[in-house]
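Got a structure for you, written out below as structure tokens; questions coming shortly.
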Amino acid sequence: MKKKAQIIGVMGGGSASPEAARKAQRLGELIADQGWILLNGGRSAGIMEASAKGARSRGGLTIGILPDDHAGHTSEFIDIPILTGMGSARNAINVLSSRVVVACPGGAGTVSEVALALKTMRPVILLDFDVGELFAGAEKNGLLFRESTPEGVVERIKALLAREP
Amino acid sequence: MKKKAQIIGVMGGGSASPEAARKAQRLGELIADQGWILLNGGRSAGIMEASAKGARSRGGLTIGILPDDHAGHTSEFIDIPILTGMGSARNAINVLSSRVVVACPGGAGTVSEVALALKTMRPVILLDFDVGELFAGAEKNGLLFRESTPEGVVERIKALLAREP
Amino acid sequence: MKKKAQIIGVMGGGSASPEAARKAQRLGELIADQGWILLNGGRSAGIMEASAKGARSRGGLTIGILPDDHAGHTSEFIDIPILTGMGSARNAINVLSSRVVVACPGGAGTVSEVALALKTMRPVILLDFDVGELFAGAEKNGLLFRESTPEGVVERIKALLAREP
Amino acid sequence: MKKKAQIIGVMGGGSASPEAARKAQRLGELIADQGWILLNGGRSAGIMEASAKGARSRGGLTIGILPDDHAGHTSEFIDIPILTGMGSARNAINVLSSRVVVACPGGAGTVSEVALALKTMRPVILLDFDVGELFAGAEKNGLLFRESTPEGVVERIKALLAREP
């Protein structure tokens, strides 16, 4: 594992369709292949479980920022569980700690993370997650992007990392 | 002021158009007239300032959940400033502490509050704040509503308070 | 109730001896008599319950900053329950939001609040709560005080409010 | 680096005497030698900087739970900076996320971490940090320990990890 690696946040629902889970797992693999660290919500469910599983399978490092104050719901594929005991308030930490945020399909919690990320000027890449025209301004300003494949997401992250200091 | 009054959250942008500010101020007045407590983000700007000003003008009680760890940005119309020192993580407190959440026009921060409110099953009323089809499920399930006047919002709140325990 | 009233934080254990509870209740009465707002941890137990009961009995306003994300443990004597859903992380909010912090007998949670208050330069008055020599520097610098009666605490608060802007 | 390694929290002041810094650095080295992950407050100062420097020098992994919402104060020896933007409220996360907490000399912030750790039943080892008789109960119950050398701390951690599941 490389030290001082970039941290890529992967957000998404606690439940996930088979296709969404498959793409999240693949995204986790690709993130690990790049030597990036994967950060997510840490639970053993949905996009969190799938993306951590993918990253772990390639030897990547996985960080989970958990809403819980105990380890009971933590994914087995999380190397570093950060227990916040703060419920959804931890969503703010998820995005602050990520260099780039990828939003996979999810519900209101995932929308809150997209919104908080944009508010703190973290670039957001939507992977098959439709937020309509809600953040059209951010799209225009090159802060919000849409992709439909894990490979496309990774290319987009590379471009973002190259663009900014 | 009535004790054990209902707490109504009013969210919205730190900057506001004249019309949005006018409606927020009117909403504050009507909330105070009902004997409800107004809760918002507490800052001396935009929807926060306008709604607190309205409530205060009618003798209502106003609570501000500030992102700051100091009082420098607090609206003069806030009776009870709660300094969280937590930035946007305090958005989760805003909605948890509100019986009903009203979302006036705002940016990404306001979207995050709508999303967090729905996630924790707080009813949300959009006052001229268009979130597209993003939360269509919540609209169908009677958790998200759209209104175009402060008076309409208050009637909606009354119905919600009557409906639930 | 006076608007823009000073907020006085009263901290202490979730369980309390009869004497400690009696003094906390009396302190709540005196705080209300001064027109100050009482802020505490909000739960229906120990020092929290006793101090809120005292303040309420004199028509004072009571604010509870709860660790919970639901209302189930809230004292009936709390007028304004702020649900943080953050567990002990909310201790930081308790002290940031208080003009002066009074620490009644308690356990590790109360010690954490004394420490956090001093760290953020909030004056702390210990009411029968012995912290040994741990904060001797703060005592020398006029930030930490010891009292043995609710009346003494109130006189100390008055002096502190007069001293500072 | 070993996956699923134990996370050891090292707390202490933002300023440190030469001797305290030397011991914290040595403690960091020993923690890394054991294959444990070091977690601290993440800033480039005092005990935080020294302990991270020690762990890094032996190839250990270092996590910093920062109070800040930006990277400006982060130690160069931190591999994984978690930006909370929550000020001292993040102290609760520090201790929740640690399997064992070591408290080096510090001020009120460090005392708050000792207190929060004990409240959540995390074992605490004091390395030259005198808290008087404040937590005498925890000492009796085998939750709080005193050591005067980094080597003694590591032996104590080993015993604690062996004792508990």
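Order of writing sets the labels: A, B, C and D. Residues in every chain begin at 1.
Going forward, a contact is a pair of C-beta atoms (placed from the backbone, for glycine too) under 8 Å apart; a residue touches a chain by one contact, two chains touch by 3 or more.
What you see is a predicted model, and the numbers here were worked out from it, not measured in a lab.
> By the touch criterion stated at the start, how many steps lie between chain B and chain C on the shortest route?
1
> Taking all residue numbers at the chain A/chain D interface, are over half used by both copies (same) or under half (different)?
The interface is built from the same residue numbers on each side, given that over half of them are used by both copies.
> Averaging each chain's C-alpha atoms to get its centre, pick out the one most distant from chain A.
C
> Whole-Å distance, chain C centre to chain D centre, using C-alpha means?
From the centre of chain C to the centre of chain D is 29 Å.
> Please tell me the distance, in whole Å, between the geometric centres of chain A and chain C computed from their C-alpha atoms.
40
> When you check chain A against every other chain, which residues touch at least two of them?
Chain A, residues with two or more chain partners: 69, 84-89, 92-93, 120.
> For chain C, which residues count as touching chain B in their complex?
1, 3-5, 7, 37, 56, 63, 65, 69, 79-86, 92-93, 96-97, 120
> Would you mind writing out the residues of chain A in touch with chain C in their complex?
69, 84-89
> In their complex, what parts of chain C are in touch with chain D?
86-93, 107-109, 111-112, 115-116, 118-120, 131-135, 138
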